[in-house]
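Here's the structure, in structure tokens; my notes come after.
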Amino acid sequence: MKKPKIRELKEAITSLFSKPFTSQFPFKPHTPAKKFRGKPEYNRDTCVGCGACFNVCPARAIEMVDQVVDGKWKRVLIHHPKDCLFCGECERNCITDDGIKLSGVFDVSYFDEKDVQSKVEHDLIVCKHCGEIIGTEKHVLWTLRKLGNPAFSQPVMISRLMEEFGLVTDEEEKVAGPVQRTDMLKIVCPKCRRMAFISDEKKER
Amino acid sequence: MNDKKKVIVPIGPYHPLLEEPEFFALYCDGEKVVDVEWQAGYNHRAIEKLSEGKHWDQVTFLVERICGICSTSHPFAYCNSVEDLLDITVPEKARYIRCIIGEMERIHSHLLWVGLAGHFLGYNTVFMWAWKYRESILEMFEMITGNRNHYAMFKIGGVRRNIEDEDIPALRKVLKDIRAKLEMLTHAVLDDPVLGARLKGVGVLTKGHIKDFGAVGPVARASGVDIDIRRDDPYAAYPAVEWKVIKTENGDVFDKAVVRLLECMESVRIIEQSLDAIEGSKGDIENQVREMPVGEGIGRHEAPRGECFHYVRSDGSNSPVRHKIRAPSYTNIPTFKASCVGQMIADVAIILAGVDPCYCCTERVAVYDADKKNKKLFGFSRLVEMSREKTERMRKQV
Amino acid sequence: MKVLETLKEKLGERIKDIKIHNERRIYLTVEAGDIKECAKIVFRELDARYIIASGADNFDSFEILYHFGFDSIGTVISLRVFLARENPGIDSLSDVIPGISYIEREMWELLGINFAGHPGLSHFLLRDDWPEGNFPLRKSIKTDGANSE
């Protein structure tokens, strides 16, 4: 059976003299393909803190914590590579298309997990009456900008913009007692606004 | 069972040689196998229960991780089942892309099998070469999908990523190379006298066995049972491309090898035709799904190992209320009861490999002493050694 | 559809309900007591291929679906049986379809359905010392998601 042997011999000689397929990593750096799905990383400037990535992650690798830090409400989004699937759902569902993206980093071994986590922190807007969390400041402003001109039909948004431009400060005291119509420019959360319209309280504050 | 002392050979459950843990107990009488018992569950991960707590789109990623080798078969069957429930169709470009991914996976899975079969028989060069050719396919996967395994390409209603025109030339080059290598491998297997003597007539499964156990895939087609879900229950772009179903008659391990190698050639044909169809196309890749009605759906896909079957039920909420997954190996592995009985112990390793068990929910094989159940005679490495020794003996005879 | 007509003719009165999802997915409801006869007719006489059986926990009853494939027309016929909530039990089909014994063991250990006449109901996927009465796939065992009560 000489013929088959020649075929295999040819292949054997070719593979003997060609470069081995194994790469030289870690002695030489390895560049993954362009579309490679590596570790997700937040972009502090473009992420608005809406929490869409937290909601869609199949492995629950993104943690969202809303808490008071130094008297102000803050939201922290932390991505944990130890649970991550590198699927890219966070990147695909990000509302700004730029808040979190999958980088080319594939080497995520660690001694301390904080070295490889990706974190982003935002200020939260809370209702001055009931304390309910509305959303992050950046998210509200991003929505405003998307609305364009119709945004100005909402008086609370006007006062929010005035705060952004520094025309009023945020250091107003909490709105105590029953909400009245005069408070409507300060109250953001829909629950309290509805109460003001429904219960027409004439009690003095 | 008669009075003669039976020997039970245990193989498993955890062994460095086999990819996943599983357990078979072979009852042996001297050199011949008399009965086989299969125990499963070492790899059980409660995926059907987990499905009920995830959203419809998140379940795709969960089922992708059922298996590493046939990683795309489960999302494919799952998406088919949900699309059956919703009664929607997938855009044309997405159908071709799904076929491309599915067929590339078939090639890489069969090449992996060829390597393992060679390894069990003692042909380590075949092992090295087959896995080397497989590497170029995995590189292509990384280029198109972003990862060598767990491609995350499937979504209910379409695919998640596009195959850009600039990637297609590299893909075509790899396919051309693979075709040449596959031809060489196929002829090397078919012409080799030692392989023929070693594998022909070993582990035969008749049509009756296939029917009794519900076996599918190359295991069934090697025994002459003409079933292939891509042709029988068409989905994606399979009705639009030309290809043929490979079927042989004898049902032994040699035929199974032939079926798998020839199937790879058909896969290359399908991929080339699909690339011709999508090159330059600017179509949609997704049909957006916004609401899930109440109902149930069944979806199937011809995975490299056979028919992968998913059944899904919805009550209108965000998660499935019942998700039944049947991997092809679930019905293929019990065929050991029929194919191993009456065979020599030295052949068990290759008969096991012939079914190409993807132990996504199964175990390993062990051989015990029939009378003293705890006396383990030898493990799987010894069985593989015995298999290789037999090949050496046959090579000297030929 | 020809296959539906043939089934109606062979199974006759045993069919309690027909649901046609589309021409390749048909669901027939039969009584639990008739399942052996129906399985013999579909598997042996009509030469269908056994695919798998799925058990499900509807909150007020149990349900088993036996899936059979008619490959020449690419159709899946599913035979649906409903079982009582208390002590659910049904005849085992292992003497009609040898390969079905594994899924029956799995349904027994995960859902608690008893299969009368099964050659050996022992643990298949769960470990041998799994606590009695703990059936993981039942809805009373919660997942941390949307569909647990």
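Each chain carries a letter (A, B and C) given by its place in the written order, and its residues are counted from 1.
Definition applied: contacts are C-beta pairs under 8 Å (C-beta built on N, C-alpha and C of every residue); 3 or more make two chains touch, one makes a residue touch a chain.
Owing to the predicted nature of the structure, the values given are computational and were not obtained by experimental measurement.
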{"item": "Chain located farthest away, centre of subunit C as origin (C-alpha)", "value": "A"}
{"item": "Closest chain to the centre of mass proxy, which here is the mean CA position", "value": "B"}
{"item": "Inter-chain centre distance, subunit A versus subunit B - centres from mean C-alpha coordinates, in Å", "value": "39"}
{"item": "Subunit A and subunit C, separation of their C-alpha mean positions in angstrom", "value": "45"}
{"item": "Whole-Å gap between the CA centroids of subunit B and subunit C", "value": "25"}
{"item": "Residue numbers of subunit A (touch at least two other chains)", "value": "none"}
{"item": "For subunit B, residues contacting two or more additional chains", "value": "54-55"}
{"item": "Where subunit C touches two or more other chains, by residue", "value": "none"}
{"item": "Subunit B - residues contacting subunit A, complex", "value": "54-55, 57-58, 61-62, 65, 125, 129, 132, 135, 139, 142-147, 150, 152, 160-161, 184, 187-188, 191-193"}
{"item": "Touch list for subunit A against partner subunit B, complex", "value": "1, 4, 7-8, 11-12, 15, 21, 32-37, 56, 58-59, 85-89, 92, 102"}
{"item": "Touch list for subunit B against partner subunit C, complex", "value": "39-41, 44, 46, 48-50, 52-55, 84, 87, 211-214, 227, 229, 232-234, 295-298, 300, 307, 309, 311, 313, 315, 317-322, 324, 326, 330-331, 334, 361"}
{"item": "Residue numbers on subunit C that touch subunit B, as the complex places them", "value": "21-22, 24-25, 27, 49-52, 54, 56-57, 65, 67, 71-76, 78, 97-99, 102-103, 123-127, 136-137, 141, 143-148"}
